[in-house]
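Dropping the structures in below, format is structure tokens.
One chain, chain A, links the two complexes that follow: it is found with chain B in the first and with chain C in the second.
Up next is the complex of A and B:
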């Protein structure tokens, strides 16, 4: 294809402004964290980020995020399936409500979930007699992280399910496949990249989450303290170096997840184009 | 069914057979719907209803008193200020970025798109921390700022900066794919007919993407008004001074003033409902517009 000369104006202005604004708001401030952390020796850095209390917070943050993302992968796929394939009264409203965790401020979600799951709350009072405590335990963290990651899987899987041609399913049925076989052999292979992307997005969001968790977690050191809270605690004690060191660990994990998700999305798009 | 012709009957049978081939038995279908609805009610509807019932638990009088408190009022004001500054800033950025990325080819474009996404990947707490490292008393500009008596951290500029950071990508993310899909033929036609660059932007490009633009603005606004973690780090929680609505909710809640906390929270929940309604409206509008164009041509 011959390279056509672009005649539209404003390239230098728009790109220049984009890069300037991006640098001022995002890149320079983020680099501040790395520059600040580099004033620590490697030993000091390692000592801070592997302290027992910090390690316990990683375990809780990653464990609860993983469980929350898995719950969302299962129920998100189910919700997307039900919204695309079936019709029932109130479907449009429910579809719109799926985005509630994006729209509801995290602090509001946090106190609402705490009210419901505390021992005299609507759901908590049912669970209490069975010895299940949710609020102020790691289980509460899982509930909060499931809430905030809920829309991701639904919104990534839904469009792929909508685009799926039913002809292949008809062909499978005419060749004698049951619905379960059709699902596992025909439908699932075309939606799994979207499912994994949604799962990764939900997981990435959960790792950094703060507002909804701190109310329900109880925030006990070594037990129910998430990593973002460790940063806040260190800041409140004016331990800037310590806070920055833990923040750098979180930033590196976020960058890695972002690259992974972008790669997954690129892979999904390419696959979908090949199908067409 | 009495006067159904044989061909209609065959069609009907074919339809039933196709439904059976691409759908599940009724009992599976209804169990799946029930399971999904149960999950969504537990995680979405129950918390939402809880906000409003807790807010009104001590009666309407307590509710009104909580909201007419001067501290609550100043929190509402600061939240609006933060949103009113960060939405236009990120809107202008979103238009500039999508113009450069969608209408031109250049090296490193994919890297630029990934960098624009960065603020979504960063924990809100870390977003607040990086501004403390720059503008805080021990930060890069800390001593210069205190010499000139300018407060950024534990003051309104810090809150605005943190809000701008967390809402940074929303408009750009909506506009870039939309503008890429629309190509640049219309803009080039405008140029041939003698329009200036700004005229092209105002008369052709922006009207073409207006729903995506509005969608981005709605998302930016919702996040700006609801941000908690990032703002919490830079605000210093000074009552009546540097408290936004979400921070005010936290303070009231930690003082065991649950009714008042949920009263302020119910305002934010109401805002979330308005956001969802506007979002559905925009989605409905933007889905409608292309079909209209197809009808005309």
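Up next is the complex of A and C:
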């Protein structure tokens, strides 16, 4: 096959570099985990990754991450909407606040959240009399994971909202559509792909989160122990094979979930974006 | 449905976008709001639509006060300059949108919706595109779909904001003739905004010339072109030569040619502006009683039926534009550098106070 002339030069070089770079930084370390885990027999592997304590941690990690990402999808969309659509004093500052969870060392965030939500913290002392315990419970884990995931949704939805033409909304209104209809049939379909991306990023970030969670979770086995902590614990006991086995399972589940979300996005995009 | 606009004022911050606008649009008329950008024509259109609200004044639809009526209830069709089509919907769904969002009690059946949309797509001659998405269409097609979508809700008033502004010259010309024919078929009261005088003159029943948030003149295309009531209208509609002059004992002068001025005060100091269209600038080889001044031909543009000349005045540095028929041009046997005598006709003089 004759080589086609490309307008942009350097395709081979840049692709080669990209593959090399991704291999060194991502693929090789990941495959190392699989190789490590393969030193176990299938029985041992199965035994480790299905131990009750580990199973409980999967449920907590993926469940809390999912809830956190869902909360972020809703409130992140709201935040992005407010930041794009309205102007008010201090808007720039609030806009900057959104990035804080990116920048803050997660351990600091964890300690701060624990201090606020513990029995005698600012918020925790109000919730305690109502029987709501946040710190050292799964609820605390959800809060920590929500905190660190917020910027992902805001920052992916914001530019798309900014690009929306207000004219299409005016057109919908002049055709008699109410505000709710305009939002659900005109605005929402346009921001849906970005919202899914933000949700997926927020979800993925939450699954891997360690620093902020371990302080607020209390780490009670079977109740508030996350999978990354189990991995760390195993590592501290020099159980490298056990740690990588759990890590491999986590990787596979994450990969599968992200694939699913991307598939959903691809499905909705196919209708919306193929023709752009 | 007729539209009456009474004493509308609108400002954005310190900027007075519209001041004291009064306008009647009788039922079934096609009216153009014409003016340079920033003259307030789009603001006025958006106020009629209910997309903006006026600071002061009232809008009457068919005699009823509609000033505070929501855009959803005004029964207006609005066509945007950049189409504003719903890009995630097919052409069919775009046109059907206005019918589908009606409350259940007044919503047509699915079969009825299909019939209506087909009908409208036939009307705009794009029925073969019903399954496409807006980004797959050309600009002219998109604007026709936008029009079909606006017509789907059977609006009482059709409002078009620079509908052909984003299209190229050829398409624009076709589409405005098509709009004219469509209007003659449907007889729906229509207002369209444009900054293109040619477009307004060709399409509209009446033209409203606007400048700086005020109406300068309202009239048929013939009226505003032949009898501009202000200097602005003169300059905005078509090419024009401007002569500055001082008033001396009730007369203004273009070169040696005296012009009668009905100045109320006889002050000799007021300035007069005389406007003459290029096709009213006649040229002679010999001086006579009607000659205003001597000039030299500096540029000849002879494309098409008219020959356009640029003339340099001998007594001043001003450059005058003249349009001659080809026949007249050949008869005069002019070339660059020829000395000629200029005879203006149909001169319109404005005194400084009206300018």
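Descriptive notes on the structure:
Everything below uses one rule, namely that the second predicted complex is superposed on the first by the 224 of 276 C-alpha atoms of A that agree within 3 Å, B and C clash if a C-alpha of one lies under 4 Å from a C-alpha of the other, contacts with A are read in each partner's own complex, and residues count from 1 in each chain.
Simple rule for what comes next: a contact is a pair of C-beta atoms (placed from the backbone, for glycine too) under 8 Å apart; a residue touches a chain by one contact, two chains touch by 3 or more.
Since this is a predicted model, take the numbers as computed values, not measurements.
When the two structures are aligned on the shared chain, A:102 is found in touch with chain B, with no touch to chain C. Put simply, more of the residues of chain A are touched by B, taking chain B and chain C as the two choices. Of the two partner chains, chain B is the only one that A:258 touches; chain C does not reach it.
Once the two complexes are overlaid on the shared chain, A:120 sits clear of chain B and of chain C alike. Applying the stated contact rule after C-alpha superposition, one finds that A:173 touches each of chain B and chain C.
Applying the stated contact rule after C-alpha superposition, one finds that A:147 touches chain B and leaves chain C untouched. Applying the stated contact rule after C-alpha superposition, one finds that A:41 touches neither chain B nor chain C.
In the three-chain superposition model, chain A touches both chain B and chain C at residues 170, 172-174. By the touch criterion stated above, chain A contacts chain B in their complex at residues 6-11, 13-15, 17-19, 21-22, 25-30, 32-33, 36, 75, 78-79, 81-83, 85-86, 88, 92, 94, 96-109, 111-113, 115-116, 121-123, 146-147, 150, 166, 169-170, 172-174, 179, 204, 207-211, 215, 228-229, 231-232, 235, 240, 243-244, 247, 250-251, 254-255, 257-259, 262.
Residues 165, 167-168, 170-178, 181, 185-186, 189-190, 271-272, 275-276 of chain A touch chain C in their complex.
Those residues of chain B whose C-beta lies close enough to touch chain A in the complex are 18, 20-24, 28-29, 32-33, 35-37, 39-40, 42-48, 50-51, 54, 93, 96-97, 99-101, 103-106, 112, 114-126, 129-134, 136, 138-140, 161, 164-165, 168, 184, 187-188, 191, 196-197, 200-201, 219, 222, 225-229, 232-233, 245-247, 249-250, 253, 258, 261-262, 265, 268-269, 271-273, 275-277, 279-280.
Of all residues in chain C, only 49, 51, 71-72, 74, 76-78, 80, 82, 84-88, 97-98, 101-102, 132-136, 146, 149-150, 152-153 touch chain A in the complex they form.
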